[in-house]
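Note that the chains take the letters A, B, C, D and E in the order they are written out, and that residue 1 is the start of every chain.
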Amino acid sequence: MTTQQIIFWFLSVVAVFCAIMVITRKNPVFSVLYLIITFFAISGHYILLNAQFLAIVNVIVYAGAIMVLFLFVLMLMNLNKESEPQKNKYMLWSGAIAGGMLMLVLIDAVRPEQKVQIYEGLSGGNVGLVKNLGTRLFTDYLVPFEISSILFLSAMIGAVVIGKRD
Amino acid sequence: MNLILFAGLLGVIMMIAGLLVKNDRAITYIAIVGISLLFLLNLVEMSTGPLVNLPVKDMLVTSKFGLLMNAIILMATLLYFIVCGRHIEMVGKHVPEYYALIFFVLAGAGLATSFNNLLMLFLGIEIISIPLYILTGADKRNLKSNEASLKYFLMGAFSTGIMLLGIAFIYGGTGSIAISKINVPESPLSLYLITGVLLLLISMAFKVSAAPFHFWTPDVYDGAPTVFTAFMATIVKVAAFAAFIHLFAGATGIFPSQKWKLVISVIIALTLVVGNITAVFQQSVKRMLAYSSIAQAGFMMFAVFSYNYISTEGILIYAAAYCFATIGLFAILLKMEDYTFNGFNGLAKKEPALAAMATVFLLSLAGIPLTAGFFGKYYMVASALSNGGSYLWLVILAMVCAAISVFYYFRVIQAMYFKEVQDDASDILPASLAFKYGLFVLAIFTLAIGIMPQLLLQYLYF
Amino acid sequence: MTPYSYLIPLLPLLGFLLNGVFRNSLSKSAVGIIGSGTVLGALIMSVLVFMEVKGDPTIVTLFEFIKVGDLSIPFSLQIDPLSSLFLLIITGVGFLIHVYSTGYMHEEAPAHYARYFAYLNLFVFSMLLLVMGANYVIMFIGWEGVGLCSYLLIGFWFKNTSYNIAAKKAFIMNRIGDLGVLLAVFWMIQKFGTVSFAGETGVLAQAAQLAVNDPALVGITLLLLLGATGKSAQIPLYTWLPDAMAGPTPVSALIHAATMVTAGIYMIARSNIMFTLAQTTSGVVAIIGLATAILAATIALRQNDIKKVLAYSTVSQLGFMFLALGVGSYVGAVFHVMTHAFFKALLFLGAGSVIHGMHHEQDMRKYGGLKKMMPVTHFTMLIGCLAIAGIPGFSGFFSKDEILMGAFAKSPVLYALALGAALMTAFYMFRLYAMTFMGKYRGDESHPPHESPASMTFPLIVLAILAFAGGYLGIPALFAPNAHWLEHFLEPVFAKSMAITEAHAIEHSTEWVLMGVSTALIVGIIFFAINKYKKYSDNGVAESGLGKVLANKWYVDELYDAIVVKPILGIGNFFKNIIEKAGIDKGVNGVGKGVLYLSRQFRLIQSGNVGNYVLMMVVAIVGFIWMVYYLKL
Amino acid sequence: MLVVLFILIPLLAGLGIFFTRNEGQAKVASLGISLVLLALVLYAMYQPAGSELTTYSRIWLGSLNSHFSFQLDGLGKITTLLTAVSFPLIFIATWDNHYKDASHYYALMLLTQAGLMGVFLSTDALLFYFFWELALIPTYFLVSKWGGERRIPVAFKFFIYTFTGSLLMLIGIIYLYYKTPDLSFAWESYKQVQLTFTEQTWFFWFFFVAFAIKMPIFPFHTWQPDTYEQSPTGTTMVLSGVMVKMGLFGVARWLLPVFPDMAAKMATPVLILCIVGMLYASLIAMRQDSIKRLIAYSSIAHIGLMCAAFFVNNPYGYDGAILQLFNHGVNIIGLWIVVDIIERQTGIRNMNELGGLAQKAPWMAALFVVVALANIALPLTNAFVGEFLMFNGLFEYNPWFAVLAGISIILAAVYTLGMIQKVFYGAEISQAAFKDLSKAEGLAMLTIIALILIVGVYPGPMIKLGQQGMEAVQMAMMP
Amino acid sequence: MPIEYYTFLACIIFGIGVIGVLTRRNAIIIFMCIELMLNAVNLLLVAFSKMHYARAVASGQQDVISAASEGQLFVFFIMVVAAVEVSVGLAIIVMMYRNTHNVDINYLNRLKN
């Protein structure tokens, strides 16, 4: 049991546990908080897979920005009480079963014949460093990078068109 | 790739125009000018090549198919603006924003027809979808519009998740997200690839509203403001199909294999049956058209099912036929005060010209000869049969469904020509001259393609 | 003259067209002249042709009618002894009846008067075509043509629905027979590749090569026989003839006594060789003939409508002719056709004259004592009765005797039965005579009967002469050897058959005895009948027992109605109401309904709940993954 | 070149007439056009086969190798002649009828004629399908706009029924296209298609069903009586006189030469279907009260016989059928003309409520009787020649079939004479005034009767024409 | 450390997300579950990128990082899109809430059949 394995297992357990909590908590606020923890765990995985830059971005963007946004909205609608009436049992179980089925089928589908080792030791190289990614991003991936600006523009307009009171 | 660039640009221009110009009609004119420019640019690109060359690093690829698809999309949009512009102005306060969003969607469509990398596909689909979420909800006071928008958003996001999982697995399988690299890799990773492709296929099926991933379509089309429904049901759907075809045109490594054929054939069968049969009993023409768009998607899926040169030609003709006819019908529907079939009663008396053109569009959708729709269906069936007699059952099913489709398309004709108009019938909004000419052009296109499909296809062959 | 023989049918056709097209503009006299004149012309032509006729047939081909593959059917006419003889009978009797009609139909409105003569001419045309046709198809044209004309003439007074129904019945019964002829023709085409009578390649020549009772031959002849029974009113298709008396009396005389009904005999005589070879069929022919003769005679015993009596007697006489054909005495048959044409036409016209005199009263019970009031009619009628009864010296005697002898030659039983029929004939004919002319007048005195105009009595006289003298064309060898002119005349037609059937020569002694016996019996019956009915008075006692059955014609019509007509109509209703409406059409509409039903159900899947939508999508995804991974392809 | 005019003239004229507002103009114009067309067709009759005038071919869909190719061969001659003859007749006979939006009515009629001409002339499968539908669409509008009270559902049933059949045929057309040696829609290359047994079976039935629905053959016939009853009579004449012949024509042109072996194999089932249909329809016709339905069912019986004759695989059947194809068209139009007059004047369709018309309208009665007699194939009428040959062919194939089918002759006599008796004879039921034939109607009827008698007495030329038409079939079926 | 550990982990988290979408009624929670799905995908991509790096090293190519970095860059773009979706999605939800004072998807049933 090497250290990485210990860390891996630890992070995985945390991630899965919190994910389950996310979908089971009655109170939306708790869900958000658990989701944030999940994201932290996943960031941990990123570091383990030496994607340091992504790990940081994940924490900042997701856990930081997005989740806070969620939190704001929840507060704004003050749904922070345990307001949500439960779905009827039938829907609940059928949903759970269907999702579980999907999970199992996926897992089974992607079980390879023989094992593919992905790392021995932390010798990760500099793939995940800002330098490497940055150069790639602004050379090969320039076009998509620029184009994503259109996305943001439309999101902005969307905020205006939908959000603006009139 | 001009399209992407300039469409984005025009979007921005519209936003600025929104600040400067206060008159909605002027906005519409600007938009029409803009779209015409885009169309001309596309023609230029078709003949002489792109105006500006971006350093695409083979993220994008221009193909004759893609350019022709763009041309169809742009022409359709142009006519759409001409016949529906007035109604876009009526939706709400943010007219320039609506146009801007539409232009962004066109940029996405441009991506969809020219991507050479799954990342670009992903971005394209998102750029198409996100403005649509907004347009769907554009009629803010209307609860149906809200509901449609939220449904569309939730399910769209879900399908995005599926698509991303698929792309991730493809990446896992091939170590790349470039389309050209998608081919069967050495053993241990092939499983990832298959799963990935399947999930990608499913998410695309969602975007083109093929059963059993069609559930969002009727509700969203019904709830959205009718103008935007027209846009979604025609241009956007065609763009999605372009992406679909383009994807499998590139990924020849794994397509077509019997497994995929089976999967797709099941999807087609479900789509045809659900779309056609459910449409029969609808009372609102708008919702009927939503289901008919599902049914037509079932036919277009044939192009994916049997990917060959016939289906490439076919999807072009089908796209054009479907776009023009459906836009025309929606345009006429927009003039109606009541969207039920009875609203059409006696239209031939009140507006013979409209009725005649509506008849042309309906016949085209039903696939009657002398209209473009016939050749659309013809090519689809032909592409399926050109690979031999296996899957004959699918073709027969398709034909039976085509016969069923007559049920609901001809209900409109019967209403227009043979039903007497009741005295309490709500009369129809006045139709401007531009509107009539626009419709007329649509009808002419429908008939022209129906008699001489080459007019459209020639470009592929020189 | 023979090359122009196509003018013979053409003239009446011309008359038909003139009278038909200008029926509103022509005056009655003009109509009568055109109608009778054309037929007279035809008669003259026929006589001229008759003069020239020799043993072997002459064919006059007009044009190619049908030419398909190697089958060629020319539109050609044939002149030979048989056809020329029939030509004379048809045109002769036809002419007389036209003349008679000018008087008889005189009360009709001009338009209808013209229509009547048009039909009559059309009939003569078809009949001539029938006997002149040089192949079975042309014959068939005439064959159906006469059927049509009889239909038109029976329903001449079309205001009266029962007449129309009688006409319809006649046509349909004939159609049944026609189908038989048609099938026979097809069979011939298949077997012989041609339909022409004459020539080495002709049907008859080829048939002559076949073995006795060759199955194809039997089949063909049986089908022809079906046709003949239809046209000549034999069992089982005879019931239309008595109803056909709905038509004007001259029509009954011409069509339903003298000419059309003999078409069947003509056809069988024409194809005699086939029948001779197909002995099975000949047997059937003989039996049918005899049965018909007896059945009809029994019915005639108890009829009170004068025309009905004559109608049944016609059926019975036709039965005699069939018997003759069956026993192979073709000459006898044709002979009887001729004599019968004379005396039966005479009788009908006489009856017509009586009816005309009695203001269209046909019930004999209302007659009586007309002897003085209509002397000419009475006298001619008497000759007719004697002739049909077969009193020696009158024409009927010779022909009937020849038939009886032929029957005896085959078997005494046939002879006995036939004789019985002949006796009944004598009885009912003199019952008719007595009830009509003897005793005292039973009709209403207010308008007493009167003798008919000359235009009507003249034909009666002519026919009376013929009815008396006609027989001397065929004097049996018994009286004077080789005096049988008719036999020699028709010899070439029947040569082949005669060669096959070994002639049973009956010793003259037996022949004398038989003749004596029959004559004695007949005379006895006649006196019995006269005595029984000259004092006839209508004692309103209803018929009972056998008499009732006879009066009701053995209930044959009712039987047919029950076993044929009703079931067919029933099936028709079943198809119309059950299979069509509730079966096929419901099924077709059911498809549409089914689609609507499905549609209603499918709409419910679109529940409007996002949760359900996503759920179904997930399930579908699972399903597809399962398909791809676990479905072995 | 000339043949293109056969299609173009009515097409363009039809489109033009749409915009005339005045009924008289439309009437005169359409009659004139149809007469011009008749003249052209008659002229073309005398052109030798394959001459410049009677053939036309231009590339149409390059990528599909489909041609705009028309040819006037023997088969085409008979059918185009029928089309060209019947339309003037119909226009003349219905001269006194008045329609609302008359211009549209006449325009649609001419469009129908264009479609029919195209069907009969095109030698390119795709083109054939095009015109097949083109002929259908205007009819749909004609029926459901100017028809009787139940016109809309009835017309719709008719349309969807036929459309479904033709879609099956479309599958067949496309499939065969990919089996042709040179990937073309030309009739010639379709005849060279080689198929496996299963393929043949499938597509033979696809084509047959499409044609059988059009003819119609039992049990695909249920659209027909309703449609005939509900359509405006002019349209009914087109439908029963010419349009149902499309099915028979299709059999002769696209079924037998393309699937000769299968046609020979499947002859017996097809014949059984036809003969059952004949008896079935005749028996139902006997029980009809509506004169229109009676004629409709009798037409089913006759069509069944023709279809059967196409499958007996001997020259008698073929020539008889092709000849009868013309005769039946002429005769049934004659019947409808009179029915139309009666219904227009009395408004009655039920025969039991009619009667005694022979007194009021003697000429109409006389002429009708002639046509009716032709309908039951009396000798010296045109139908006799045709039916004689057809039954002969049937007999050659199997005597028992001939016997069974022959029963329908008797039944035909029963119901036809019944109709005559109920309608024209007997006492006058209604005392209302009844006009005899008008000049126009008389002209039409006399023309028809002239045709009946000429063909009936001297059928040689028509038979020759038909034989030319069936040469291709015979070559394919009996090499 | 074999790759399927990570694939399994990703699939599990993804599945949990799906289950969440299916079982919850609160639109916001559902949306969060979708974010969970996206994160699972991100994790998967990063793992794959690491795997491809290892394979490249093992097979001794000189360009060891290009394949690997593609995956990570893709994750970057996914985050971009996610951000956009969130902004739009929350806007829509808020609009909905304004009109109905409710974010329960079971009340979205005006449009059906």
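Simple rule for what comes next: contacts are C-beta pairs under 8 Å (C-beta built on N, C-alpha and C of every residue); 3 or more make two chains touch, one makes a residue touch a chain.
Please read all numbers here as calculations on a predicted model, not as lab measurements.
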Any chain touching subunit D and subunit E at once appears in the list B, C
If every chain is reduced to the average of its C-alpha atoms, which one ends up farthest from subunit C?
A
Chain ID, smallest distance between chain and overall C-alpha centroids:
D
Please compute the C-alpha centroid of subunit C, do the same for subunit E, then give the distance between them in whole Å.
99
Centroid distance [mean C-alpha coordinates] between subunit C and subunit B, Å:
79
Between subunit B and subunit D, what's the gap in Å when you average each chain's C-alpha atoms?
43
Between subunit A and subunit C, what is the gap in Å from one C-alpha centre to the other?
104
Would you mind listing the residues of subunit D that make contact with two or more other chains?
none
If I count partner chains per residue in subunit B, which residues reach a count of at least 2?
119, 123, 126, 130, 133-134, 137, 140, 151, 154, 158, 169, 192, 194-195, 218-219, 407
By residue number and range, which residues of subunit A touch two or more other chains?
87, 91, 94-95, 98-99, 102, 106, 109-112, 116, 141, 144, 148, 151, 154-155, 158, 162
According to the definition of touch, which chains form touching pairs?
A-B, A-C, A-E, B-C, B-D, B-E, C-D, C-E
As the complex stands, subunit B meets subunit C at residues 151, 154-155, 158-159, 162, 194-195, 198-199, 202, 206, 212-213, 215-216, 218-219, 258-259, 262-263, 266, 274, 277-282, 404, 407
Per the touch rule, the subunit B residues reaching subunit E in their complex are 119, 122-123, 126, 130, 133-134, 137, 140-141, 143-144, 146-151, 153-154, 157-158, 160-161, 164-165, 167-169, 171-172, 175-177, 192, 218-219, 222-223
Which of the residues in subunit A end up touching subunit B in this complex?
106, 109-114, 116, 139-144, 147-151, 153-155, 157-158, 160-162, 166
Under the stated contact criterion, what part of subunit C meets subunit B in this complex?
592, 595-596, 598-600, 602-603, 605-606, 608, 610, 612-614, 616-617, 620-621, 624-625, 627-629, 631, 633
Listed in rising order, the residues of subunit C that touch subunit A in the complex are 611-612, 615, 618-619, 621-622, 625-626, 629
